[in-house]
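Written out below as structure tokens is the structure these notes cover.
Letters A, B, C and D name the chains as they come in the text, with residue numbers starting at 1 for each one.
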Amino acid sequence: MINFRNDYSAGAHPAVLEALCATNMELTPGYGTDTYCQEAAEAIRALCGAPEAAVHFFTGGTQVNKTAIGAYLRPWEAVIAAETGHICVHETGSVEQDGHKVIHCPASDGKLTAEIIRSVLASHSGEHMVVPRLVYISNTTELGTVYTRSELEALHGICAEQGLILYCDGARLGSAMDAGDTAFAHYARFCDAFTIGGTKNGLLFGEALVVTNAALFPFFRHCMKQQGAILAKGRLLGVQFRAVLKDGLYLDLARHANALARRLTGGLRAKGVPLLVDSPSNQVFPIFPNETVKRLEEQAVFEVQQPVDSGHTCIRLVTAWNSAEEDVERFLALL
Amino acid sequence: MINFRNDYSAGAHPAVLEALCATNMELTPGYGTDTYCQEAAEAIRALCGAPEAAVHFFTGGTQVNKTAIGAYLRPWEAVIAAETGHICVHETGSVEQDGHKVIHCPASDGKLTAEIIRSVLASHSGEHMVVPRLVYISNTTELGTVYTRSELEALHGICAEQGLILYCDGARLGSAMDAGDTAFAHYARFCDAFTIGGTKNGLLFGEALVVTNAALFPFFRHCMKQQGAILAKGRLLGVQFRAVLKDGLYLDLARHANALARRLTGGLRAKGVPLLVDSPSNQVFPIFPNETVKRLEEQAVFEVQQPVDSGHTCIRLVTAWNSAEEDVERFLALL
Amino acid sequence: MINFRNDYSAGAHPAVLEALCATNMELTPGYGTDTYCQEAAEAIRALCGAPEAAVHFFTGGTQVNKTAIGAYLRPWEAVIAAETGHICVHETGSVEQDGHKVIHCPASDGKLTAEIIRSVLASHSGEHMVVPRLVYISNTTELGTVYTRSELEALHGICAEQGLILYCDGARLGSAMDAGDTAFAHYARFCDAFTIGGTKNGLLFGEALVVTNAALFPFFRHCMKQQGAILAKGRLLGVQFRAVLKDGLYLDLARHANALARRLTGGLRAKGVPLLVDSPSNQVFPIFPNETVKRLEEQAVFEVQQPVDSGHTCIRLVTAWNSAEEDVERFLALL
Amino acid sequence: MINFRNDYSAGAHPAVLEALCATNMELTPGYGTDTYCQEAAEAIRALCGAPEAAVHFFTGGTQVNKTAIGAYLRPWEAVIAAETGHICVHETGSVEQDGHKVIHCPASDGKLTAEIIRSVLASHSGEHMVVPRLVYISNTTELGTVYTRSELEALHGICAEQGLILYCDGARLGSAMDAGDTAFAHYARFCDAFTIGGTKNGLLFGEALVVTNAALFPFFRHCMKQQGAILAKGRLLGVQFRAVLKDGLYLDLARHANALARRLTGGLRAKGVPLLVDSPSNQVFPIFPNETVKRLEEQAVFEVQQPVDSGHTCIRLVTAWNSAEEDVERFLALL
């Protein structure tokens, strides 16, 4: 079966698994206070050019989003997000569960702009309304689109000007960096906090939170513990990130996934298949007649994104570090 | 100064104040367990034709909305509301503060429909998304529009069919009943819970919550106390509601306010002033050139609703049980 | 029937009611932004010798406790309180509902000490435990005991030293000031925030929150609104506090209540009735044989505090601004 | 260095790691909907003799406690726990963060009894107090003590009688079963929900929640997602539990840890070292003169439990599935 279901269907990249096996019987202090986590954090700081940044490791994306946003905001403060944002749709209201409104902004390509943020601010004033305080973006977005360096810088500009916290959910940060013109250091410079996603790029699990705004440092580990987000054998996260950050493996894996996605896109375009959105990264959104979708489902695994009209459906094809080139060719051959 | 700022600028209707004075030195048990509250609740049940309904008294609208919604929902459940709904905009995220997402629905006239609700339900499924469970409507709406009896019945239909709770914020319920074709009994029949607003219709303060769905009864007073929403001298609420529900005073007061608003509307229309929305109730939304607004502000008190375009602004004129006919004439004469 | 049930069984002192009647038909801006609230706040600042203090008005005690504590604390921060404290026992877990642990400290007389606080701090460290941050005291306490000026100062000392917020619940502050050696200015000097209780001392309802720590000022009204704690006709609170603070009426009312309580205490002692606690304020806790309690209940209204042993019960007698001297004599004559 | 720091210092038992490696490159659906999780759940149901039980997998103990308690309780409901309980002390107030009071009960051996529960119930009534609803126990307790089968049954009796939920935190359930007279089936019969701890007994991470009370089933996975507690590559949990539940490995590992602890205890007793508590499981709490503790720290790793008096300190020694017999002998030789 051709499998483009998602980028977290397999286990870990062999180098990651090997590192876990090699360190398995060591005895280390718990909760991420071990040397592996320190080394991984150091490696991240170096890649980011941010020697003072705080780095924390989590087991999953919803967990890190919820913990960070809950820790950073006061009860009356709210989040600004594109209505397609992961926290708006697919995290079961976890930000609201911790008490904060998420202001959903229409954004056809899944991306926020300074203009959108300004308009939210303009419509909020006085004690009868929440105070927008944190801007949540995801890169790549849930539609596979990518913020450019100058777009990031523009968001940084409005946030700095307006006293907003810029938070980037980098569940697919590797893919975003490979597909666009950004590097780790740009996120460190332009965001107050961002995550480096490991789960979707070769780890068994793991998201690293990088925080450069020192005002957000105090008592953060208290919040992590309160949210059940400190792993007892925390070193497992350090060991994995250390393995994948060595020798550029993290970007290599993303590059592979993106390359296959571009192939898919090229092949679909060549066959005249319309795409929901122009995605340069590892998620592709072709639109097919409903019967075609049914037929494809017999030989390939993928998710249905949304109905487009009564006769057509958009599906989502995701390539990953472990996807095979043949699968791309086989899928295109089905059409 | 002509005053159309809102319907809670004055104190209480004389009959209400008199009742408070007459009972002032009596000694009664606290927290609403007194006979005045029992009598007021009885009067409400009688008006509603709902002898089994639970009735609770609150001091304010945000308080009752927050307490009821927080009590009725489980952590994963969400509210469906028109994006103009009071809880969406002007209650500082109080529903989210208690952990629940509010799904904002576009609705140009401030009213939800079965179709809107169906579309929300259709787009929510699976454990990665919240479960829509409570439908919040306000009558009159924040735009002065009014649900008809058959519209209420249709909402009841979809809610009963889909296992949703229908909650009506009746901060201006008197105005809605006078302006439309509904009576207390329709709310009791079609809603699981609704409020009868006193603050905006002649009381010093007070909102009565009427609950007809017995599944929502248990432990509700625990929630009230937890939310700081049980008034120590609870009888003050009973005494006031008892006074205003006697001899139809509640509806008389709303009728007066609506009548003056209709006059205002008629006068404005006669002068060719465009209105933002066609409101049959005690809120009127004329659109004026910006200079006119500035000029009016010198002789009248009102709130600015929203800019319409660079040269025009919509203002809000609210009439109340204590508004004077002369003020209507004087305002129209200013134009 | 003799009535010592509590100090909120009657309505308002005549002077308060008169003020409400006199201002009833005035039109003022809502939400406490009117001149009556400003004047009442000014009067409080003057009494406190705290010209920069923030003053906010609430309708009830649980409401103000919950709102202030919820606004002041971050998610990982906790409250230190005597286990008899009102928030520990009789507010249905409202502080926990907003996310904060309340650390219950044994305190046989209902009072915290620097030593108790130090021992709580000593047993809390590291990210696996909450961070104690706010010290909640009530004066008078729930047992009728009273903090002296030097005790308050000592609490202030430890709090200042340890970066803790000292919050005093003054639901019966008048009684505490009359029974002890403190005045408004001491609370302003030694507490970061405290309340002046009106509900139990002659108002229909009303608690004033006085905040002297400027770090606690920002966005507080947002929290009030979010908690449903801004009264639409906010002036009702200003009008009442203004009336009761004029010419020392507030303290006069407390003095009357305390004097009657002292008489009760004297009479009980003269008859050899044991008392649960030595209370100098308006709550008295005599212990009677169970049969005596039953007999007394036929002619007097009061609450049972707690069983003491299988044959004896402690009851609570509360005197108020409106209690009659004859009732004291009649009660003692019953014994 | 001798290491008795805790039972989660090493990675996974070789058989567990092997299972992870063997399945690493398989492609499976995410979020625990794979066949490995189904098989592990089936194995647990079989061991428990509870074919209808729901089984959910989590990455950590705080996470499962928080998610289950938050899902099961309504806002006004509270938890009864021994004051030494993990949720009372070392989870940074995570239960309170989700809105629920935890009632701390003194219990010198860390165990609740029906009598303690009855006394909590007796002191809670009316809407001004929380409603105790869930009884939290841990087995083994945080002091290493163990509930017997008849003690569990007695707790079940009072809970069933009073409508309480009995929840057992089994972070060290293997150790409890080996040290006492209980088996999986007793927990399934006597508890509404309990956990089977993997992290402290040979897994990289993993706690299985077993729920037998069907009233607690609905929408639980929504709560898991909302709490950030669904692992994307959920199969990792299924694979590990499947490995450790095969051929009785889970109990074998606990048996090893307990046996070493008994040896330690025997050796300490032989040398006249007093113990804080009589623990039959894998945590041992000897009391030493402070100087001895300092000396021991040079050659062994362990945690300080608490000071006992000015000259003596209680330390905690934890043995694990991977502890070496020689370490026990070496430690005893140090004395």
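A few notes on this one:
In this section, a contact is a pair of C-beta atoms (placed from the backbone, for glycine too) under 8 Å apart; a residue touches a chain by one contact, two chains touch by 3 or more.
Keep in mind that this is a model prediction, so the values were computed, not measured.
Should one ask which of B-C and B-D has more C-beta pairs in contact, the pair is B-C. Once the centre of each chain is set as its mean CA position, subunit B and subunit C turn out to be 33 Å apart. Distance between subunit C and subunit D, defined via averaged C-alpha coordinates, is recorded as 42 Å.
Subunit D has its Cα centroid 50 Å from the Cα centroid of subunit B. Counting partner chains per residue, subunit A has residues 75-76, 91-93, 97-99, 127-128, 130, 222-223, 225-226, 230 touching two or more of them. Taken together, the touching pairs cover every possible pairing of the chains. Those residues of subunit D that touch subunit B in the complex are listed here as 70-71, 74-76, 98-99, 127-128, 130-131, 219, 221-226, 230. By the touch criterion given at the top, residues 3, 5-6, 8-12, 14, 17, 20-21, 23-30, 59-67, 91-94, 97, 199-200, 204-205, 222-223, 225-233, 236, 301, 322 of subunit B touch subunit C in their complex.
Within the complex formed with subunit C, the subunit D residues making contact are 75-76, 78, 89-93, 96-102, 104, 127-130.
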